[in-house]
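In the two assemblies presented below, chain A is common to both, partnered first by chain B and then by chain C.
The block that comes next holds the complex of A and B.
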């Protein structure tokens, strides 16, 4: 039996018997499942087409489409981590705070290594070695917070909601302690010009990084044993444990992955904004969760796709961008985005129920 | 079958909504205003002043605002505005550093950039800066505090965390001017992050630590509301003198019922109007001042006429 398709098979089978006798899915079914298994992709295409038709020169300009991708990049990296956590039936509310902490730790390290005093403004002359050290610090601090989250969830058995809410407070508070509340304003010039604003073959570097992360994570989630175990843990943790999966190790590694990706996102944030943003990223946790859920991943775990998350990340960003371009008043934008979120998940639910008979 | 029909219906509705939305304006006629955050009385008043002036001058104005007063929330909005290529964009930058690149992109795409209320570190491409002298405002607050306290007592400041240029300047001006009054002991600033609840907690805690606290300076409307709440809970209304920045409706009411003793009012309506006037002048090719200062006013308790005149009017069509 082909394990790597187990989740897909469950998704598109009318009855278990039909699947047992016909394990070969058609190409259409496989593509359909790959595209988030629902109407989310169609919704995104409808939105993009709609805004494009309404404002072709503005929404459809190269500049705007590029900016959409760049604005999605950091959130996508965070959402990839969140996907793993939610598929394993957990939740990570601390992503934004871990990002802030990692960005602060990394920026201070890079500043110290470039030999500039603490209150410098602008950019420093730190080379790639300094940037590499900063990246290491960022990912390591993210991994540390992730390990803490995972240990408290898996070993001490505190609910993930509470643990990550607590680590949110601790990470944000420690970031403020480390800096006295003042953002680190001096980051290496190379980081800002080459990564934050640089391009590779015409594609912004941040988008390249986010795309690579998403592709690698998708392969790991859908085609490796690690990913399979994550699905199993989310589907039924007790059954997973009894079938030999090292449950606690898997849970800790999933949260560590989320933390490390938050650390990577922190470097991307520093590169993009050329400053740490201690007062920002406050809503990132909810944005990532809604992106993951929009993409078709179940909050109860065991079901989900990485492509769905990618689409889910783009929907709020496209909506905001389109609304601002159309000139819709800001308060109505808030109303509309909430409504679209509910509508999107509702349509997806209808479709799933129809398929399951 | 049924699901496909659903899809067509959904697509048709979305298309209909989008096509009947606001008509596309000519790129060289429009002015965009990006506020610091949604739902702030100060920025609402600024937007109202701008809208009224835009109507008067015949400008096509679009107003946008991010969900939070933070760079990562505002930059996607600025990017979207840049995509519409307005003739002039007036932006309240929420971060002195992070907004430099997005505003520079706006400028490179042919839009003239005005910064309103806050500013950025690199103003080489900014056509005009509209701001108030926040440091002078802080000094006015210190003078008012000195008068209220009769020259002695302990004083606390409730402000935003460091990094907001305007708030930092107000606190710096307050602190510098207080040095002239040897009888006043300055306890320093406490940070409330635009959360009245937190401000209230800070006030009650400080009163426990320093029961003889004589005065509080709140550097914005949210801090002021929280301060009044905290004082009410601790029974300190009237005993602890409050000097507050901004003249939102809640603060003016507090002034009238004696919870706040002095207001340092900005003139957001004037800032909005100045932004529109500068935009119109730019579009007509006329010269515009690099820095435009709007004034601030001290409103003392009992001066209801001035309070009503300077109250921030946020409700407008």
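The block that comes next holds the complex of A and C.
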């Protein structure tokens, strides 16, 4: 028995605040937590600094930096949803296909509401009402695909890898059925000029939308009960279930969120390219997964930060941009990304082993 | 020992197919005591614990909480009545901090609009967690690091502190020190005593007879689905306990 020691401990924790404050959490640990591993932020800064120093006029130009952000915007919105799914110990391979389906459904709706025949080329005169209807269709169809994914994972208990691989095929196939494989190439002029090419206070509208999505999603993930429960589900589903968290509902809601964000990304894609891009999203799932994992989110679930994902999204985009500016064949970006991804997962596993050892 | 048991099983039977797991078993635990529940493999310990913690339903028999008959519809219903179980590994989310684990499923939200939006009051959660750890003399390297980076003993302490936070009557502990080293075991045993001293009854399932004699106030012995002995701390010896578990006639003594 050790009553004397117990008494001493009690004394040192006499006030709750004395125990609540945490002198042992160093600045490094805080940074580590914030940036999801730290090293990936350093890698991004090194890349940016390197390209900037090598070609200050081209890489550092306002135009180039703006284009970097615009290129990242759609991928970021998809990656935000992917972050939630992976933190909950799931995976969503269907994001790109759901984007394609949502964009087709939305573009066809907007075309029909504008009274234009199918096969119209260019832009239509659809107003904000038509655009709102298109957005609704895009987000609702994304939510429906997400609900299907979530229900199959949580209720039927089919592995997420298989469920979302299946829905990838179904969503892409149905998009091709709806269009006969030909892109819908006419969208409201307002959408293209105001959203796709529009700016707010000098910032491209697509970047504003993506930033807002990322900020709201980061707050929800890190500061709310919903977010904490997503972490708990990913960390130990059985413990979460036993402590009264509605496990199935959480899983379904996470996949629905990913689907809805794919629907929003579909609208952004239509606005940017003024056409659907049926064949342009085959790599979106792998791009988002590598962005999320690069950002320090663990593929095993329970660990991750939204800030890390934002950094992870920019790595491949900055790499490609820098390689093009330096005159390195851009195909090397694919090679470099593959290597960085393997490195990121390796580091995640080392961190796990160190912690559990 | 007070006259009315805090939690009592009367003539509880449970059959799984051809296996009679419990055969009219009685069991009682009194307020603020550490009661060891021992028995050989297959004696019915885990079935009894599952029934008393709401995870399973008995075929026949009655369960009384503070002298009143209750129906434990499920683990959550049992928890709401003040009965909790500390499982060996499954209790915690390893990637979450100790304070977050303490409030898993019962998170504290802020007041007002932010609370309605589900914003956590992490400061309050940390403060209450710190008070709970202080009350039970649980000392952690840091309440903010993930539980997985704590030692096995500290993890078990967090799990016990969590149960003691939400169960004010009975906590079942299934082999709480099975995976721990000597020093960590001593600390967890200390913690179990602290929980009892808070006025919570502890039912300890253990195969370690020396440990049972060291910390239990009373021992109840199960054999072939029946209670065959109730032994007071003063009368307990390792030989006596082993004999009761294995060789004593399987008769149900008057409760």
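To be clear about the criterion, the second predicted complex is superposed on the first by the 303 of 357 C-alpha atoms of A that agree within 3 Å, B and C clash if a C-alpha of one lies under 4 Å from a C-alpha of the other, contacts with A are read in each partner's own complex, and residues count from 1 in each chain.
Heads up, the rule we're going with is that a residue touches a chain if its C-beta (ideal position, glycine included) is under 8 Å from a C-beta of that chain, and two chains touch if they have at least 3 such contacts.
These numbers come from a predicted model, not from an experiment.
Within the superposed three-chain model, A:234 lies in touch with chain C and out of touch with chain B [touch as defined at top]. More residues of chain A lie in touch with B than with the remaining chain of the pair chain B and chain C. Once chain A of one complex is fitted onto chain A of the other, the partner contacts of A:226 are limited to chain C, with no touch recorded for chain B.
With both structures placed on the common chain, the touch criterion links A:299 to neither chain B nor chain C. In the superposition on chain A, contact of A:286 is made with neither chain B nor chain C. In the superposition on chain A, A:244 makes contact with chain C only, not with chain B.
Chain A uses no single residue to touch chain B in one structure and chain C in the other. Residue ranges of chain A in contact with chain B, taken from their complex: 39, 42-43, 46-47, 50-51, 53-55, 57-59, 61, 63-64, 67, 70-71, 74, 121-122, 176, 180-183, 185, 196-197, 269, 273-275, 277-283, 317, 320-322, 324-331, 334, 347, 350-351, 354. Interface residues of chain C facing chain A in the complex, by the touch rule stated above, are 75-76, 79, 87, 90-96, 100, 104-107, 109, 117-120, 123, 126-128, 130-131, 133-134, 137, 139, 141-146, 148-149, 186, 190, 193-194. Contact residues of chain A toward chain C in the complex are 1-2, 5-6, 9-10, 13-14, 16-20, 22, 24-25, 29, 223-226, 228-229, 231-232, 234-236, 238-240, 242-245, 298, 301-303, 355-356.
The part of chain B that touches chain A in the complex is made up of residues 2-3, 6-7, 10-11, 14-15, 18-19, 21-22, 24, 27, 35, 38-39, 62-65, 67-73, 75-77, 79-85, 95, 97-98, 100-101, 109, 121, 161-163, 191, 193.
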